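Below are two complexes that have chain A in common, paired first with chain B and then with chain C.
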Partner chain A sequence: MKIIMDGKEVAAERGQTIVEVARRNGVYIPTLCHVPALEPAAMCRVCTVELVEGRRTRLVTSCNYPLRGDAEIRTDTPMLRQNRKVLIELLASRCPDAEALKELAERYGADLNRFPAEDRQCIMCGLCARVCERVGGNVLALCGRGVEIRVDTSFGRLSPTCIGCASCVQICPVNAIRIEDMDGERRVIVRGKEASRVQLRKCTSCGIHFGPVIDLGPVLDRAGEGGVPAFNASVCPACSRRSLARRLAERHFEQHAVESPDADEEG
Partner chain B sequence: MPESEATCCQEPEVDFVVLDRIIRDEFGGRREAMIMMMQTIQRRYRYLPEPALYYLSQVLGVPITKIYEVATFYASFSLVPKGKHLLHVCTGTACHLKGSGGMVRHVAAKLGIAPGATTPDMKFTLETVNCLGACAVSPVVVFDDKYYPQATVGQLNEFIEKVNAE
Partner chain C sequence: MATAISTAPDLAWTKKISSPQELASFRQAILASLDPNAPRIRVCCGTGCKAVGSLDVLEAMKTAVAAAGVDVHVMPEVKRTGCHGFCSRGPLLTLEPQGLFYQRVKSEDTAEIVQKTIIGGEVIPRFLYKPPGSKEAIAKVSDIPFFAKQTKLVLKRVGRIDPFDIRDAIAAGAYEGIAKVLAEMTPQQVIEEIKVSRLRGRGGAGFPTGVKWESCAGQAGRHYVICNGDEGDPGAFMDASVMEGDPHAVLEGMAIAAYAMGSDRGFLYVRMEYPLAVQTLTAAIRQAEDLGLLGQNILGTDFSFRVSVSTGAGAFVCGESSALMSSLEGKVGRPRAKYIRSTEKGFRDSPSNLNNVETYANVPEIILRGGQWYTTYGTERSTGTKVFSLTGNVHNVGLVEVPMGTSLKDIVFGIGGGVPNKKELKAVQTGGPSGGCIPIPSKFIDINVGFGKLAEIGSMMGSGGMIVMDENTCMVEISRYFINFLVEESCGQCTPCREGLTRMREILSRITQGEGREGDIELLEEIGQFTNNFSLCGLGTSAANPVLSTIRYFRDEYEAHIRDKKCPAGVCKPLYYYEIDSEKCTGCGVCRKRCPAAAIEGEKKKPHTIHQELCIKCMECYRNCKFDSIRIM
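Our next item is the complex of A and B:
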């Protein structure tokens, strides 16, 4: 299989997507709705590239276009740059303050204020719903369609299946989701609306709240690691480090007292 | 479309035996038939009751989020109870040119509800659609699943009177 990318032949394996091949060969293609660990959904369209077919070219989204035979691809033509510029300007009208868009705007010379902004804090990339399905408790859904798509829980209710993993918070390119730990509970807040509440674990040593109380069984099952014992600590990470340090120090002094009473230069 | 908010006080009891009949007997419990099951459930209750969707999710092993996504994607599914009688007025391009906008406004004013809403007595729901594929005989309305080509305001008045007389 012979793949030409921007005029150079690049290494590729059959079935890899254009983005995968580009990343592997150090060719930059912007993406907003793609992470390697999740199925591509081709929601944002900024990764569009030109696929050369004879004398014509075709626009394809590179994140979900698998290469199956010889192909020539152009990733950075004037037409694509213009295309991306407009896309970013349109997305910015939904998310005027997103850092991810500012960076792209700089690269493509987009005017973030070109269209009147209506801050909806979401570019509808769908990453949160996809990661929640894979990692979390299948809490978030993309409801509605077209420009009215919104991220919500089923029936708009507080979800009972959230595991408080915060994957959705981590993955959102425009930081529309946040987590608040308060009064022994973790709240997942999607665009200002509470999506779920998860109880937090209380450290038996110092009393602070840490990690959520969750049923990890289904998650580990899904990850194909049903045999792994679920996380079940009763002390917080800080206390556990402190107690480990204390035990190490005790052992250190015991050993020194017995074996070499005056060897304290050694770290 | 109207969203998840307040479901109505007169929600019908969901009969799981009936659901089983639809899901298992009629469609063999196949996931691929999920949308058809949802259509059948909607036909039965005139909307998609929440417990019915949770049950469907359990039986098919499809996450409720996925079912909710489907239910909110298609304009023909409703998550809030619909009236006993359903009037669809086409507001597609052809019908619009033949004055369907005025017809919608007429009915809305007469019933005192917005398009998409249901009268408080749960008798009448007014909906608009974006083209019924019968543009040649526009304007088209559908009343209780029956198509009326070249519909007139007079006809709409008749429908409303009929419903009110019940």
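Our next item is the complex of A and C:
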């Protein structure tokens, strides 16, 4: 399989997506809705590239286009640059202050204020919904249709299935989701609206709250053999370290006591 | 009022037909029981006629016939084509064996029709159809130009059979195709025959059907045969009429496809807004299964094929194949990128073949008569016929089936009867919201309607919607209408379609309200091209077509809106006013009496004037002036 990217032949394996090949070969393709760990959704469209197959040229999204034969790919033509510029300008009206967009705007010469801003605090990349499906409790989803589409919980209610893992917070490129740990509860707040509330685990030793109380079944199922033992802890990580240190020290002294009868004098 | 059409006759007592020969003798038996000279009254019970009370007429007719005691078989008839512009004026009847065509029939007329026409053999003139501009009434169906100029392959049984009685369909030749396939053809031969016919998908994209079947058949795994009955284009009702009028054609086509691809399971995805189609299809499936024409061991062979009807939930985008399959799986109907074809990995990640209703309906006839025969219709690259739903400013609104390559002129003027009210024809919009507007008058009136030709001039065939527009149509407003439709129907997942359409709607609304700015046209073009280039699915990549095609052909109209703040067609209310031409006005007073806002003043037989501050621009005066003295300024 011979793949030519921007005029240069690059190494590629059959079935790899264009973006995988590009990343591996140091070719830059912008993405907003793609992380390698999740199934590509091709929603933001900014990674669109030109694919020359024989005599015809097609526009394809590089995040999910699997290469299955010889192909020539152009990742940065004037036509692509122009369309990416419009795309960023349109997205900027949803989310004018997003750092991710500012960077791209600079690269493609986009005017972030071309269209009137309606601050929706979300660029609709759908990453939170996809990561929640894979990692979390399938709480967040794309709801509604057309212009009305938004990230929300079922029926807009507080979700009972959230495990408080905060993957959505980590993955959101525009920081539209945050968590607040307060009064023994964790709140996941999506664009200012509370999406779920999860009870926090109280350390049996020092009494601070340190992680969500969750139904371990589904998590362990997903984690497979071995599981995630840390979730079972009843003491917080700090206390856990402290108690480990204490045990180590105690054992050290016990051993010393056995080896040298005059340990007490030395200690 | 009668609420439901007679339900399906119970055929469960009938023995299953266990061989193709037995089907032939079953057909002969039905035909022998029918007297060709017996009078038959067919009442149109399509959605259009149903809306104006054809079910009541049907009941009244049954009662009248029973009371008169004549030997006649009343059957409900779904005849969408019969609606050609007269739906609003009343239900339609055809009377056999004379071949009479009656329109505007009311329940109370039925006794008279039975007495005079059925028993007395007399034609009642007031029910007859008069072509526009002609004083001569036409009695026979076959003499009416609207019907005479059509070539019916897909619609051949629609309107002739009772869709709720499979025996009627069998008598008219249904299931002969599947019998032939099972008796003497291999799956490869079936695919070969379809390829010879050069049949192309009727859903809009025009992909060669035979090639699609072949690539699906070559895949490993369980195959699914899916029919797209989610017809959502505004003004399109071709598939509805086939499903409502001749459900067996679709089912037989699907069964043949299933045989060709080695499938045993099929789904019909029908939009929820077609309750009648769901009824007819469900009844047809049950009856066909009762007779062993679908289901387990069809016609006593090893071939089994089970079909079920699945309804959509009102989303236009579910007509897109990947969204449809997603919806069928019970997920949200959002399209996915089709870099791996559905024929390889579609419904439930299995090889799936999806065709449109009309495509399947073409199949049995191709099998029976051969692919070569099919290519005698249409053009080299677009074979066969196409059903168009002709709507808008045209005399004969209705469904027309013509060979591919028929000129627009023949469709709009020959069959459609031209534009009413002596207006000029301005444009024809084809292909639904994703299509484009073809400007007329220009050389395009003679264009041959086919897949390639329409795409060349910036429109598309689409599923066959055809909206005729007269001089009082504002092209800016038309594109705003379609964009507005698409904004609501976009699935919203991809940026270009969601954001681009929203912005285009915003700009177009501004222009139609008289707040257009210099540079708006260029901005529309820029966003439109971006949307068409970068969108995910077919809806997005064609969404800007209404805007781009109207800008291409009617740029001056956009400029008039933006620069001169004028709407030349007199549609965008803030951008025009009416004025009475004092030289033409005879002072007849019609406008004054008609005006609901009392904005027109004037003495008898003297020119009238309009008080602009009172005028609500309802168009009442403009439409009713016999002297053409009211002008749009």
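The criterion applied here is as follows: the second predicted complex is superposed on the first by the 233 of 267 C-alpha atoms of A that agree within 3 Å, B and C clash if a C-alpha of one lies under 4 Å from a C-alpha of the other, contacts with A are read in each partner's own complex, and residues count from 1 in each chain.
Assume contacts are C-beta pairs under 8 Å (C-beta built on N, C-alpha and C of every residue); 3 or more make two chains touch, one makes a residue touch a chain.
Note that the structure is predicted; figures quoted are calculated from it, not measured.
Novice: Answer with clash or fit: chain B and chain C placed together on chain A by superposition.
Specialist: They clash: once the shared chain is superposed, the two partners overlap in space.
Novice: Who contacts more of chain A, chain B or chain C?
Specialist: C
Novice: Now for A:Gly126: first (chain B), second (chain C), both, or neither, which partner does it touch?
Specialist: Second partner only, chain C.
Novice: Have a look at where A:Gly26 lands relative to chain B and chain C in the superposition and call it first, second, both or neither.
Specialist: neither
Novice: Using the touch definition from the top, say if A:Pro66 reaches chain B (first), chain C (second), both or neither.
Specialist: second
Novice: Considering only touches as defined above, state whether A:Ala41 meets chain B (first), chain C (second), both or neither.
Specialist: A:Ala41: touches chain C, not chain B.
Novice: Report for A:Asn83: first if it touches chain B alone, second if chain C alone, otherwise both or neither.
Specialist: After superposition on chain A, A:Asn83 lies in contact with chain C alone.
Novice: In the overlay, answer first, second, both or neither for which of chain B and chain C A:Gly192 touches.
Specialist: The answer is neither, since A:Gly192 touches no partner chain.
Novice: So, A:Asn138: does it touch chain B (first), chain C (second), both, or neither?
Specialist: A:Asn138 contacts chain B only, not chain C.
Novice: Among 326-334, 344-352, 380-388 or 488-496, indicate the stretch of chain C whose C-alpha atoms run into chain B.
Specialist: 326-334
Novice: Take the contacts of chain A with chain B and those with chain C, and give the residues found in both.
Specialist: Dual-contact residues (chain A): 142, 144-145.
Novice: For the complex, give me every residue of chain B touching chain A.
Specialist: For chain B paired with chain A, touching residues are 1, 3-5, 50, 63-69, 72-73, 79.
Novice: Which positions of chain C touch chain A when the two form their complex?
Specialist: Answer in residue numbers: 315, 317, 332, 334, 336-337, 339-340, 487-496, 498-503, 526-527, 529-530, 533-536.
Novice: Using the touch definition up top, name the residues of chain A that touch chain C in the complex.
Specialist: These residues of chain A touch chain C: 41-46, 48, 59-61, 64-66, 79, 82-83, 86-87, 90-91, 93-94, 115, 123-124, 126, 142, 144-149.
Novice: Show me the residue ranges of chain A that touch chain B in the complex, using the header's touch definition.
Specialist: So the residues of chain A touching chain B come out as 129, 133, 138-145, 152-157.
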